[in-house]
Structures are given as C-alpha cells and as structure tokens.
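Contents: one structure, followed by commentary.
Here the chain labels run A, B, C and D in written order, and each chain numbers its own residues starting at 1.
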C-alpha cells in the first residue's frame, strides 16, 4: 500500500533529515512511528500525504511512484489518505461541523448524504454538543478530536495521525486509540506518530523508530 | 501574588466553565494545574494573563483586582507574567530569534543588551542552531521550546505554562521541567497546566486539580 | 444550510476595499468614455453645420457687376460634385448683418452690397474645396469662397485633443484597476495560503479552489460595477437635462460596455492568476 | 540587525494594492484640480480681454454727424468711473474690418463709416454699464455701447459648470479613497488579528502596535502619492508645452496640495481607526 525505498530528505542544503528509509505498510496494517522531538517523524509523514517530495529514493503510494504522479492525479490519491496534522490545521472561519465535513464537500458530495454520519462521528469523539462552535473557542483537546474526525470522515484507505493524543488526557487518549483500532479492523491502514510511550507500550502493533533520521530496529518485527 | 476569590466563568450563555474557584499562588511557589480535556485549565490561565475577565468573583494579580485595572496599566502587568500558550502562538513571519526577543522589543530594550542572553537561552532549549529559521519550518517540539524561551526571556515574576511538554518526548520534557525548577529557585512563581501524569507524579510540587469547572482537593496540600 | 457556506473567509479575497476601487474606476471610466461620446456627437453636429455653411460672396469688379457674375457662378455650382443645394441670401438679410457696422438706416440703395450665396453640401459625396475655388476665380473674378476651414480645423483639433486625453485616462484607469486587482488577488491568495494548503491536502482540485475565489469576486464585482455605472449615468442624465442636449438610449448602451468589460477583465485576471498560482502550490 | 525588522508581515496593512489605489486617486485628483486651475486661468484671460473689449460705435443721425457726437461721448467717458482709457479706432482699420463684406476697393470715401472707440476698463473699479448706456443716449443718440455681455455670460456659465464637475470628481475621488483606506486598514487589522493579540499579551502598548501600522503605511503612501503627482504634473507639462500656454511654478505648487493632503488624510484615518480598534481589543 505504502512503500519507502531508500528514501532520503533534506531541507534547503541542511543535513539530511531522513536517510535511507525502507519500509512497507501492508493494507490493513497498524504501525506506530516513534522518535524524539525533531527526529523527522512529521517529515516522513509529509512524504506520504504528498506535502513534500523525497530528495532521494522512491515513495510508492498505492503502487504508484509519488514523484511521477501528474498534478491532476494528486487529489484522488489524497482523498484516499486521511491526515491528522500535528498542529490540527482546522479552518478557524468555519464551524467544527463545516470543518469536519470539508473532505466530503471537496468531493462534491451532497450534505443530505453525510449529515447524520458526521453527527454520529462527532458524538463518538465527544464533540456532539459543540458542532456549531468555531475552532478557536474549543479547548486544545477538543480541537485535536475535531481534527481526528475530519481525517476519518471520508473513510480513507490510509490514516496518518501525527501526535493525535498530545493534547488529551490518558482516558480520552485511550478512547481515540480504540477508534483507530476499530477503523483498522474494518481494513483501514493506520500509521500513528507519537512520542507518548503509554500509547505503544503494551499495544500489539509494531513500531517504526526514527533516530537521527534513520529507522532503527525495535524489538519485535517491523 | 495571584489570588482567586470565588471566581466563576461562562462563555456566551453556556454552562459555567469555572465555578467558585478559590486559591492563592504565593511568591516563589510552584504549582501544577491538572484536569481532563475541556475541564477549564486554559480558561483559568486566561484569567491570569488577562485574556479574559471572570463572570463572577475576583482575580487579584500582584494585589490588584484585575477587573479594576485601567487599560493603560495592562501592559505593565502582562510584562510581569510570562506565558507559554498551548498552541504556541509564535508569529510565523518572524524568525525564532525575533519571536523570542519580542517581549524585550515591545519594552523598547536595545538589541545589544539582550542578544547574548537570547543566544544562551536558545542553546538551553536546544534550538541554538535554528535561531534564524521560521516557526513553520520547525518540528512541533521545537516550536514548543521556542514558545517556552519567549515566555521566560523577559524574566517575568510569574510563568504560566499551558501544556508545555505536549509535543516533546520524555527526555526533553524532563529537561524543560529542570528549566522551570531552576527559574523557580531564583524566585519565579510557576504554574503549569498539564494532563501528563508523568510530569507531576513523584514531583515535590502541589497540584490544583480541576473537575467539571471546580477545584477538587488532591492528596497532599494545595 | 451550513453545507453551502463559503469555504474562504468572507471578504478575504474581494473585500469592500476592492469593491470601492472597482466602483470608482468603473465610474471614472464611464465618465471618460461618456465625455468622448458626447463631445464627439456635439462636434459632429457643429461640423455638420459648419460644413453646410459654405458661403460664396460675389462683389463687383472693374468690368463686371456682381449680378453679371452670378449666372456663371450658378452654372459652376450646378455641375460641382458634393453640392446639394444653394440659395441666394436676400438683400434685406444682408443689410441686417451690416447694420451693426453702419448704423440703422445708413445702408442706402447706392451702397455696393455684395451678393451672398449659402451653399449646402451633400454629406455622402466628397466636396473638392480647392477645385471649386479655382473654377470660380476663372469664371467670376469677384467671387470668394468661404468654407470656415480654419475654424473647423481648430474645432477638429480640440476634439482630437480631448479624445486623446480621455483615451489616456481610460488606459490609465484600466491599468490601475488591473494592477489593483492583481495585487488584491495575490494578497487574497496570501491571506488564504493556509486554507488553500489544507484544501489541497484533503483532496480538493485546483478548479474547486479557484471557483471559491471567483465566486467571492463575482458577487462583489457585479455590485460595484453596477454602482459605478449608475453613478456615471446619473451624472450624464443630469448634464443632458441641464444642457437640453439630445439624450438617447444608444449612449447609455455604449456606456454599458465599461462595466461589462470591467467585469470580464477582472474575472479573467483573477481566474488566470489563481489557477496559475495554484498550479505551483502543493 | 534582525532587531529592527518589521513586526507586522510586509504588505499586510498597506500593500501594493493600496499603493496602486492611492497613486491612481492622487493622479486623478491632481488632474481634476489642475483642470479647474487652468480653465480658471484661461477663462480669466478671456474675460479680461472681453471686458477690456468694450466698444462704442457712433453713427450719423438725422441732425448730427458722428464726428459731432464724438466730443460729447469723450466727455462722458472721461468722467465715468471704471474707465481706464479709450482709443479711437483708425478709419483704415475699420475699413479692413468691413472689406470681407463689401469686397476690396469697394469702400469709398462717400460710404458713411461709423466712428469706433475701443474702451479699456479699470479692473479695480466697478463699471456701471447701464448707467453709461443711458448717459450716452442722452448726449449722443447715434452712440451704441457694446460690452459683449451675452458672450461673457456664456463663458462664465461654462467655466462654472466645469468647476462644479471637477469639484464633484474631487469629492468623489476623496470619498472613494477614504473608503478604500478605511476598508484596507480594517482588512489589515483583521489579517493581523492574531499578531496584535500576541503583541498585547506579551505586554505591548497600543501606541507601540499602532506605530507598526503607521510605519508600514507611511512609506507606501509617500511613494504612491509621489507617483500620482509626478504622473499628473507630467501630463500638464506636456499639455502646456503643446498649447504654449503660460506655465508657472505656482500651478505646480498648488497641485502639490493634493498629495500632501492625501498623505495627511490617509495618516489620520489609519491612526484614528487603528487606535480606536486597538482600544477595544484585549
């Protein structure tokens, strides 16, 4: 589904942020991506959701080389990948409901077809009573949950989440992890970047660990 | 130094976010503020750094009633309170160096007087090699550290930090906590809002715990 | 309901500032065009009268009286291309013209009053002024052709100057407007950079995003161009009413080309600029 | 170095769009004012000539010849307030004026040529036209006063219309500019809302923040008003050169009031608006 082959990345002439990365995410798999602050987790994820191109090597998305995709093909690919951004990236001038429904609107889907789904999803993440609020009036944790709702609403094949529990307490964090696990059971491929040990310790899922831009083996498989 | 007397807060006709809050931060004290997502931690901090007024009760800052401060007196008070915002609030069009030096610039302090201080501080938080980068090119954790540097650079009497370790790994988190502890030893009053158990468990400092908008007693003193 | 709301923040691309500029520019362009149109028409009227007011004056010479030469002149006029009709000005009218100079009752029968002919030209045919002058001097040495040429030239030059000036203003206003629109669009794209990036990342096509920009602009542009046009048209209506000039529908229709072209221009600029910028984005 | 950089993002308040508008508006306002100034001056010249060109024409009556009446007329003229000097037009000149009507050589000695006086008026004193007319008819029944009054009235009305029109344009341009600036400032404050909030929260005073806005605007405003002024002045220079009209320094100095007032207006609007908005902020 997603395959990295000798991928490296550098920003404007600095040292390599990523070096010689090789891994594959099989359909329906669930991985954690760990590494200390500045290790390159977000940079790696950006290569997957097409917010950047590798400086070297190849990134295959759905068996297509990302560097060779024509511009017109990008929206289709991106619609198959749901992203929870580390900094949320909610649009402040739209309500939470509008924010969450955006991935469907850009596909020109009619509101009647998705309204009830969204309301249900909002209840799931605990925002059922705040759908008409604007992002700036939400607490940090609430914004993060809205961002997660937006990432999953379009039923993407792959979900990429960058630090999705950094602003919520352990209890809500576990609840969100159950949401991801549920989606994974239904066949969604999931990749979660986090520095929160609690999240992956004792979980059955494999872990990709970044250290100074390189993947290092963790115990267990990856 | 900071005293809340029967403080309550509600946003536009909703239920009370805070109810009947009473506590005092003595000069040179160090407190944690805990509570689950949406409990009202950020709302409480906003009353301290004058980004909001209580709906009921009184907030005393440096022995002055915050509701009765004339507008012209606000800047002086705010300069004595350093804030680490939950969402960082770095200015994207300024470099990290400019962002961190902003609290000094608005006091019309000459650059020659603070330049070396800032460079030292940047090294402390591990951003010494990125001072001329713009915030959007920093990793989440790096932005958070820049936000902390900006909060402490003006040597304020009080430091308010909202989830200051949400985007860094445990190791850097501990390092930042040592920075706060060091400042506290030098006399700075410190209040840190967090949902991260690791941070306050086993630390010698008292904890204010919010539950559904009210302070509830924790074991030990508060 | 909410599903149909705008995706870009209100006024973030085409705000009231752009609206005020568009309205003002449309107004000024209408004024400039209207001025050219009305002066053109007025000048046309004057020139028609002036060209129609060709006169021939025949005086006595040593050998021939004015009356003697008249027949020869009439023969020439009859066979000259471009002359529709001519008329001999009655003597009383001529005396009336002279009286301010000579005093009432002083013009007596023995005063050598010249014969004057008022010649009307045929607009459709070319009239060869110099040819007629030469022919006349051959058959009637006392005949003098007066075509008010100098006056007409002056008028034509004046109208020409005004036309150039108005075109200059039109061009300047157009350039200024285009500049403002380009910069405003660029600013709008800058302001909405984060939003555009998010839209791209969640799978929006360039066309979808561009439509958001165009939509916001079109509403505003229609409104402000209409305001500019109506303001200018009202002023012209007022002027025409005051000056009891001929006011016609055609004038206002021609003026309508200004807002129509403005909207078209703005739309093309925005669309082009946005699409090109988006193509370079994520 | 970095410490002196702008705190607000470049062009976020006064960007190139506002610059283009300011320049255009300054240009148009200069054109309007310049048009009024030059037409005023030209009209003043014409009116001076016209008013100076008062003529008196004396013809023979039944009892008195023109020459007989001349002395009485001269006496009246000498004691009339507002008359600077007068001059009898020589007979050859009068004949020259009549020749186009009568044909060369036809004006003979026995033709009753009237006596013509060219009267210059004294600008400083009021000249009572009707009074003089009555006095003249009393002493010299053949004398006729001609003050070109109708022509002057027409000219004055034309100039007045133009003045009103130009003032209208000036007012409209001013209103439009002020609107644009207010909206642009509001937009700038909106764009920088987050930045302003952060500045407030870290202890910046309103004055400090306002200065950031004013600073950004002033640079731009100076530049664009200069461009507008120079553009308009160049056009006038060109026109004056073409029309060989008198061109003077004073004209350009008066025109300079437009950019100066524009900058002042913009500055006051921005300052006022920003300070008032900030006072309502955090």
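Operating definition for what follows: a residue touches a chain if its C-beta (ideal position, glycine included) is under 8 Å from a C-beta of that chain, and two chains touch if they have at least 3 such contacts.
Please read all numbers here as calculations on a predicted model, not as lab measurements.
Chemist: Would you mind naming the chains that touch chain A and likewise touch chain D?
Modeler: Both-contact set = B, C.
Chemist: Using the contact definition given at the top, which chains are in touch with both chain A and chain C?
Modeler: none
Chemist: By CA centroid distance, what chain is farthest from chain B?
Modeler: The chain lying farthest from chain B is C.
Chemist: Please compute the C-alpha centroid of chain B, do the same for chain D, then give the distance between them in whole Å.
Modeler: 64
Chemist: How big is the gap, in whole Å, between where the Cα atoms of chain A centre and where those of chain B centre?
Modeler: Those two chain centres are 29 Å apart.
Chemist: Report, in whole Å, the distance between the mean C-alpha point of chain C and the mean C-alpha point of chain D.
Modeler: Distance between chain centres: 24 Å.
Chemist: As a quick test, compute the distance in whole Å between the mean CA positions of chain B and chain C.
Modeler: 69
Chemist: Two or more other chains touching the same residue: where does that happen in chain A?
Modeler: none
Chemist: What are the residues of chain C that contact at least two other chains?
Modeler: none
Chemist: Thinking of each chain as a vertex joined to the chains it touches, would you call that graph a line, ring, star, complete, or other?
Modeler: The chain contacts form a single closed ring, each chain touching exactly two others.
Chemist: When you check every pair of chains, which ones turn out to touch?
Modeler: Final set of chain pairs in contact is A-B, A-C, B-D, C-D.
Chemist: Can you list the chain D residues touching chain C in their complex?
Modeler: Chain D residues touching chain C: 11, 15-21, 23-25, 27-28, 31, 57, 59-60, 97-98, 100-104, 106, 111-114, 142, 144, 168-169, 172-173, 176, 179-180, 183-184, 187, 191, 231, 235.
Chemist: What residues on chain C touch chain A, complex-wise?
Modeler: 1-5, 7-10, 194-195, 197-206, 208, 279, 282
Chemist: In the complex of these two chains, what residues of chain B are touching chain A?
Modeler: Against chain A, chain B makes touches at 11, 36-38, 41-43, 86-87, 137, 139-142, 145, 162-163, 166-172, 195, 197.
Chemist: Which residues of chain A touch chain C in the complex?
Modeler: 49-51, 71-72, 74-76, 78-79, 83, 89, 91, 93-95, 97-98, 101-103, 105-108, 110-111, 115, 132, 150, 154
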